[in-house]
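Just below sit the structures, each encoded as structure tokens.
The two complexes that follow have chain A in common; it is paired with chain B in the first and with chain C in the second.
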Partner chain A sequence: MNKTIKTTGLTHQTVVSISRHKSEPKWMLQRRLQALKLFQARALPTWGADLSQLDFSQFRYYRPAPTKPQTRWQDLPPKIRTTFEKLGLPQAEQEALAGIKAQYDSEIIYSSLKQRLARKGVVFVSMEEGVQQYPQLVRQYFGRLVPPQDNKFAALNTAVWSGGSFIYVPPKVKVAIPLQAYFRINSPHFGQFERTLIIADEGSFLHYIEGCTAPTYSSASLHAAVVEIFVKPRARVRYTTIQNWSTNVYNLVTKRAWVEEEAVMEWVDGNLGSKVTMKYPCCILAGPKAHGEMLSLALASHQQHQDTGAKMIHLAPQTSSQIVAKSIAKDGGRTSYRGLVKIAPRAEGARSQISCDALILDPQSRSDTYPLNQIETAKAIVEHEATVSQISQDQLFYLTSRGFDEMRARALIVAGFIQPLVKQLPLEYAVELNRLIELEMEGAVG
Partner chain B sequence: MLKLDQITVQVEGQTVVNQLSLTVQPGQITVLMGPNGSGKTSLLLALAGHPHYQLKGRVTLDGQRIDQLAPEKRARQGLFLGFQTPIAIPGLDPVAFLWEALQQQGQSATLEAIRNQMQHQLKQLALKETVLDHGLNQGLSGGERKKLELLQALILKPKYALLDEPDSGLDIESLQLVAQAIKRLSRQGTGCLVVTHYPRMARQLQPNQVFIIRAGRIVAQGQQELIDQIEAQGYQDLSP
Partner chain C sequence: MKTQLIWLKPGQHQIETRLATKEEQTILVLGWFQNQDQTQVELTIRHQAAQSHSQILIRVGGQDQARIKVQTRIIIEPQAQEAQAELQSKTLLLDQAQAQVQPELEIKTNQVRASHAASIGSLDPNQLFYLQQRGLKPQQARRQLIRAFFHQGTWFKNQSIQKQLTNYLSSL
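Then we have the complex of A and B:
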């Protein structure tokens, strides 16, 4: 194994080694190297969360998985199998899942794809397999929505990406069960840079779910993913994320969707954990009557900053968008909503609804809202409402008078607050999210 | 029985209830009437353990002293407060809420059973079934919230229910439905202490006893004839 990629830090040679290790075609290596230059030339963003403690030299940018890709569960090494069992994977895999792409460190080591989907022409492979097996599609779409010039972390991801999914859904094919991917960081100092590209062809439907958990460890980790989604006319894509990074992770993610005529893109995004999250999923509503939705939840606790939001770019007439952003700050945590709604001159009759609700659980915690609306036509309707609330004494007394102790009362109020997001999740995720919130709340009675 | 013995309630140093004693028997209805500001709501909130109200004196529930207990412990002993202005808890599923509240009090039933009971009671109270689709009290009018308080009591089956103006802001038909619901509650065995302004309501309840409170003190005690007297003459002649 090449020695360079086992050490920390990022150089020209690191990138060459990653590409060589993946036996990539030359064009991908060139893109990586071009992106590396952009990454190195670009300064850190000066807005948003505090990134001054980020030290790029301390991260390891690639580590091959301990085994070759697997297709059968029983072939996985016992240790990895146990890890996944703790995540509740095997059962879910047996029963409901179309296929699992589980990422252990940087590579797909376990994958299965039900034949039924394959027969319909649905492609659900790792990004590496995508590059090898569908070079034309990947070459055409990779980096088109999120080019390396976009931002420093998009450049970084493009240079060192590893893992992630490539999905293609043919015209009119409706994928009835959600496609799921589980990601897990589990070695210290290890940056994870998965890259996902989804193309939903005309009139198709897809629900993709990524859930992330990470064990706690002491040194800072970096997660800089890029997700690009192309939603062709009349197609509908829902992308659901539940992330629970350990509290030392920098989670800096660029997610963007291109939404064509009468197509629908829905982001459902739950951010728990991490040290710093900066994430603003975007819908570019490019075709008439395209619709974009964002439903998000951020929970920030002690020494955490969740700087999250959404971008809705209305480029065509009669496009519509809705943003529902909920946040909870506790134990000195900080949540920020940062959003952009842009309505271009051509987008006559566009409508956008933005609703931000922040729940602040104690005086040490903080929540801010940074909405930006750029409306370039008079024929558009943009509604924005923001609320900041605390758990009221009246609510607490109401619930305690019904026999709930204060801790449980608080948990019920918080669970109610996030209900609009939870009810959009598949049952197993809803249960898991409620449980995570309850665990978070257990220390929150002051 | 629920026994209030020499109860004094203070709010921010102000005495709002003074040396008040009364008892509520299981399965009976006690009506407490009095002008605005006479201390009725303060009394009920203090009995339920609201931290804002300091209560002195003894409150015993079936022989057990409860006035030193946290609100949730009082509830678990079988005390229920029907709020005058019930607050909404957005997103909190009413069925799951009642299911868990029952468990807190040592009873158990399936979610399905609770849902069925609630649907039955919603009909009895002429409430829309869509009440169950929203968070607790969310999007409901004041009158609807009051009805939902009674519905909760009917399902939780507390030993004693303190009902704070269950009739205010209700139309005539709703008033009758609420009165019937309170009577059903008492027939179930719950002892009810009902605070009301309205003689019409008080009469419909056919209470076992009636107390009049003015300036924090009981100034008259009787039965239905006392209601007629209040309706005819007001509270003027009853001085503290």
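Then we have the complex of A and C:
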């Protein structure tokens, strides 16, 4: 299984061997190679976070997983099973959550899909399986929303993508339980380039959850995923991400949704880890009355920079969008909100509401807000508000006078601050997030 | 408290204000644009010292094919502990006017309070209807509401500003 393929460094040969290793059709290899050229031709973005430390020749671009895809839990190798147990996976399984895709290194080794989903015609497979089993759908939609020309990291992902999910929900099918993807990076010098494609057909509903944790390593890792979502008329998709990469990971992600008539797209995005995150999920509101929502949380600690935000592009009449961004900067961390709301001349009657709140916990930390509102019709309403402050002394005083020690009081106030996001998460994620924040807050009394 | 009044004209404007210790400043930025007018404003407020306060109020708008770009940046430097900054921006668009509004914050320390609010919109059709129903012609109703847009808030207690504004609005 573990054929030695050259996967460190980024060359024509690397891309060819990845594609060959996955036995891909020719068209996919061609797309990869074309994207590689675009990637090499393009300079690093100069705006936003500092990427000057990135050395693309350092990373491994592909690493086959130690076992073939499995469907049964007990068939998994014991070592990997323990890793997942620490992540709480078996519990999630017990709780009858839908098919769990667990990604260990870059290939999916564990996959289970509940039969009733399959009976409804819902497709939930790895991207590789998608290419093999549904070539027509994949060929039609892959790269349509995020073409390799879009940005340097989209080109990189297209060239070396590996793993990720392919989901198709047939018309009028409501997937009642969230579909989850759990994955993990645990090898140094190793980049992950998931590619996810979701197609929610007319009137369907889907909630997709991705959460990631990664152990700490000394050398920088790179994560450059691409997510493309097509929300057909009257469908609704919610995409939840809880991201807790180790503090050496560059997380450079392109996420975009195409939202048609009366459809709803919701992004829920929590960024807690990584060294640098640059992520601006986007909704292109293409059909009349389409609605886009973004709810995000960023937490930056020592030497971390969370450069996150959202893009809402209103192309059709009566479209609406809402952005709620919360951020916490501590121990010298930096959070930036960077957003775009664009209302095209045709989007008469469009509405957009943006609200950014930032907490700065100590004098070394920093918080920025860079919103851009482009309004090209007089028949639209855009409202933007942002606040930056520290923990309120009044609230702190109130809680300490009620008997909480200062640390506990601070943790409670921060928990209250992020409540609007936590409320939108499934229970086990909410618990996990609260616990993570509590851990982060330990020793943050200043 | 120092009050600065800035009238925008078509063209490019670059304004930078630095605030020293305990300095308080109010800046009003006003402008109305029509026909093919194009304007671009870059306003930077830099809090360099402790306990400095700034308040910025922006009311700009346009009609016809006016193009408006407003970029504001409030920077609070690490040494500017206990600084307070507030920005309120409203943009009124009529006809085929377009706007680009960029209210930015760069906050480099924690003992501060900084906020901004920016809204972009058109005239309320209900208000237009109400005024016409009371006998105003559509154009009059519109002019009346444009004036009201500039009069919002209570910051025009300053007599000389009040006067300048009235003069300006009567010329619209």
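Keep in mind that, in the parts below, the second predicted complex is superposed on the first by the 439 of 446 C-alpha atoms of A that agree within 3 Å, B and C clash if a C-alpha of one lies under 4 Å from a C-alpha of the other, contacts with A are read in each partner's own complex, and residues count from 1 in each chain.
The rule we apply is simple: a contact is a pair of C-beta atoms (placed from the backbone, for glycine too) under 8 Å apart; a residue touches a chain by one contact, two chains touch by 3 or more.
For clarity, every value in this text was computed on a predicted model and none was experimentally measured.
Room for both chain B and chain C is found when the two structures are superposed via chain A, with no clash between them.
Counting the residues of chain A that each partner touches, chain B and chain C differ, and the larger count belongs to C. In the superposed model, the angle subtended at the C-alpha centre of chain A by the C-alpha centres of chain B and chain C comes to 60 degrees, rounded to the nearest 10.
Of the two partner chains placed by the overlay, only chain B lies in contact with A:401; chain C stays clear of it.
Within the superposed three-chain model, A:384 lies in touch with chain C and out of touch with chain B [touch as defined at top]. After overlaying the two complexes on the shared chain, residue contacts for A:284 are found with neither chain B nor chain C.
Looking at the shared chain after the overlay, A:263 reaches neither chain B nor chain C. Looking at the shared chain after the overlay, A:372 reaches chain C, while chain B stays out of its contact range. Contact with chain C, but none with chain B, is seen for A:358 once the two complexes are overlaid on the shared chain. Once chain A of one complex is fitted onto chain A of the other, the partner contacts of A:418 are limited to chain B, with no touch recorded for chain C.
Our summary of the superposed model lists a minimum C-alpha distance of 16 Å between chain B and chain C. Remark: chain A residues 392-395, 397-406, 412-413, 415-420 touch chain B in the complex.
Of all the residues in chain C, the ones that touch chain A in their complex are 78, 81, 91, 93-122. Taken in their complex, chain A has these residues touching chain C: 345, 358, 360-390. Looking at the complex, you find that chain B touches chain A at residues 48-52, 70-72, 74-76, 80-81, 83, 86-87, 89-93, 97, 100-101, 104-105, 135-136, 152, 156.
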